[in-house]
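Per-chain numbering from 1; labels A, B and C assigned in written order.
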Amino acid sequence: MELTGLLAYLISFAIMAGIYAVFALGLNIHWGYTGLFNIGIAGFFCVGAYTSAMITTPQPTGVYAHYVHQLFGWHLPFVFGLMGAALMCGLLAFFIGLPTLKLGEDYLAIATLGIAESLRLIFNNEQWLANGPRGLMGLPQPLAHLIDARHYNYIYLVIVLAVMALIYFLIERSIRSPWGRVLRAIREDEVSASMSGKDVFAFKMQALIFGAMVMGVGGALYAHYSRSISPSVFTPLYGTFIIWVMLMAGGSGNNKGAVLGAFVMWGIWIGTQFLTDFLPYTVKSRAPYIRFLVIWILLEFILLYRPEGLLGEEKRVSKLIE
Amino acid sequence: MVELIFYGIVLGSIISLGAIGLTLVYGIIRFANFAHGDFMTVGAYITLFLISIVMPWLGIPDTTFGPLSFGLRTLLAFPLAIGAVGGVAILLDRILYQKLRRSDSNLVIMAMASLGAAFILRMIVLILWGADSLFYRPGLLRPAVELPLNVKVRPDQILIMAVVCILIVSLHLFLKNSKIGKAMRATADNMELALVSGINTERVILWTWGIAGALAGAAGILYAIDVQVHPYMGWNFLIPIFAATILGSIGNVYGALIGGLVIGVVQQVSTAFLLPTYKLPVAFLMMILILFIRPKGIFGSK
Amino acid sequence: MDILEVKNLVKRFGGLKAVNGCSLGVKAGTITGLIGPNGAGKTTLFNLITGHLKPDGGQVLFQGRDITGLPPHEIFHNKIYRTFQITREFSHMTVLENLMLMPEDQVGERVWNTWFRFNAIYVQEKAIKEKALEVLEFVGLRRLANEYAGELSGGQKKLLELARSMMADPDMVLLDEPGAGINPSLMQKLMAHIRQLCEEKNITFLLIEHDMNLVMNLCNPVIVLSEGKKLTEGTPEEVKTDKRVLEAYLGGQYR
């Protein structure tokens, strides 16, 4: 009994870490390879989660229709949710990139941040869109009929890891190809890359969209794991910055680093939860802030003393033919 | 509507103070300081600490000045607190940004470090004071005076604008006349040239942080007097501040002033049509529009 | 025949006219030198030709085509390559990757091809790598192929720039002070390479240079720029003895 409890705990840990790894992989396309400064991951997280939720749930009928409002409800299988989430996020990325990618990096940063904050406010205040602050509940879980509900997480872990592996493979392929080579050249020196005949804007746009689509899939995976989503989930701290710390810790410019960073940092995050359990009752309510403070100080130390993270970028990246 | 425009100018003058500091840092130290909003928060909370703990302990009376909602305690706390925020900004530079500058870090890395600093400051505020809204003088009624054109104004708001004017005029005189102010302008124009002509850039950077921090602190305190103290108040100002900075052209102090006023007025007027919580998306939308129409801002060349 | 023609080009910075109605032509198959006092507008002219800056007036024609104001990557597609005064290699990429980046329109530069046309990419990558190694052999950087480009010495970076230009198969290369900051023996090597490329591959060179020794040995003709326009043009000997050129240089120094 004790063992199964621990095992169940580890499984749910691995699911969340795996979902975060998907986000870290997406961010790695943006920041690690292209140098795009996206600090609004929460926005893509949010759009991915809501899109998939609305694609897979039916439009509420009868009595429920009075209480639950949502823009649409297509009641389609999970896979369509994932694809829809990716497409929606890609579209959003396109519109963010249009005015900002020709300008300096800070503009993209402030634009992504602005989108993320605005979206959260909009989802919170517009009842008709996705049920306002109460959010959407009862999202379907794929293959749930195969197994007893108590053990469902085993199946979901496999799904998350499979999706993560597929994304990892797709990214590795394109990063090791000439496409990734151009992205890294843009990261190193935009002017020189354009003088070498590369259409910098087009490549940055592709990278922005690709990374955002990966983040959208991450959002969808999260939505169907937690089965209920509301705007309060997609805060800058949980939705954006913890992912940055994961990528920086693991090693930006390295996909293995992104995955490793997600698991390590999620481990540290969960671990500090155990530690704060020992705090006296009076300060306990503020324990999450202390944990975040520790994480942020850790980030500053990484930036100062180990900017390459645990696993730095490999020296030879375009090695498709080896 | 006239009333909304007036409130917009009050809000805008607070945004301007923040934007001026941001634009100075942007122009001189050349990176986007995402911790700027949280400097405001820190200023407001340091004042709260002085008013509610230090001053009662020192026995300074809790009076109010005439129709204003605050008195001696706030008056004394204001210069101390903005000095302290300037100190916090300088301290952050010494322990964080200076090291990154010396290791020739990418500007984006510095911006990221400032984001980290923003969260560290906010987490400290949250740990010490918790997540609730607080007031400098809880429970105080704040009567409004009726002006012509049906405008209801609180005396506090007039004073806020006066303080902003004083701060901006002194900054203007400082940049124009003092040696270090001139050096700051020269560095903003051309970093390499300033270095060659013997300007001590480290000293300029130190002053820039001090001034930017102090202005942000002042903005935070004024907002706290007008509305409330909240751990996320500065973060919510970040987007409007950036919008104002970009609108007024990055590095341009007077542009930031005008940009702040424009953003403030538009945000406030938008509440006539939209939910008040949409002030932030409105500022964001303004910024995107500027980026489409005139990415270098109203005072930018080309 | 002029491969590159510049007509009445103007560029203002504020009130200053950095390039002031400049007209000149570069003959195909030559190594043309571009000299002039500091502030004559040489680098600005390069930036205008290669799309790094947009001109305020005038025209740039390349092989008869109007390329005025095109973005840099399209200038590149017109077979013009340029280098910078301070080399701009991709420092956190290997020397080999720096070269393999150059060929235009690679199959694997389209992201969907990286998933669906693996074989085509594989074949092309092999060919590009082979060519890159050959080029590295030519400039003598072969043994550094797998080092970070940022770790090369100043002179090696200049050779890397030349190697990158060879990967691009250009018709014309603009070199901004190729000889600056490199030692004499490396300079000899560089000059020999440029000459060889010009003769064997029929690449036209236009180069800005302050080292008169290099200009006099390598370039013919030499174009002199002063105050944003062409002052004169001629063989190295003609230019060296031209009084106006001397005055422009002296004037430039004592202003």
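The definition used in the following text is that a residue touches a chain if its C-beta (ideal position, glycine included) is under 8 Å from a C-beta of that chain, and two chains touch if they have at least 3 such contacts.
Just so we're clear, the structure is a prediction, and the values are computed from it rather than from any experiment.
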Q) Whose Cα centre is nearest the centre of all Cα atoms in view? A) A
Q: Work out the mean Cα position per chain and let me know which chain is farthest from subunit A.
A: C
Q. Between subunit A and subunit B, what is the gap in Å from one C-alpha centre to the other?
A. 32
Q: Would you kindly tell me how far, in whole Å, the mean C-alpha position of subunit C lies from that of subunit A?
A: 43
Q) Using mean CA coordinates as chain centres, what's the subunit B-subunit C distance in Å? A) 47
Q. In the complex formed with subunit A, which residues of subunit B make contact?
A. 31-32, 34, 96, 99-100, 105, 107-109, 111-113, 115-117, 119-120, 123-124, 126-127, 130, 235, 238-239, 242, 246, 275, 277-278, 280-281, 283-285, 287-288, 291-292, 295
(Q) Can you tell me which positions in subunit A touch subunit B when the two form their complex? (A) 35, 37, 39, 99-100, 102-103, 105-107, 109-111, 113-115, 117-118, 121-122, 124-125, 236-237, 241, 244, 248, 285-286, 289-290, 292-293, 296-297, 299-300, 303-304, 307
Q.
Residue numbers of subunit C touching subunit A in their complex, please.
A. 50, 52, 71-73, 76-77, 81-82, 84, 88-94, 96-97, 100-102, 104, 106-111, 113-115, 118, 121-122, 125-126, 129, 146, 148, 164, 168
Q | Contact set on subunit A toward subunit C in their complex | A | 170, 173-174, 177-182, 184-185, 187-189, 191-200, 206, 210, 313, 315-318, 320-321
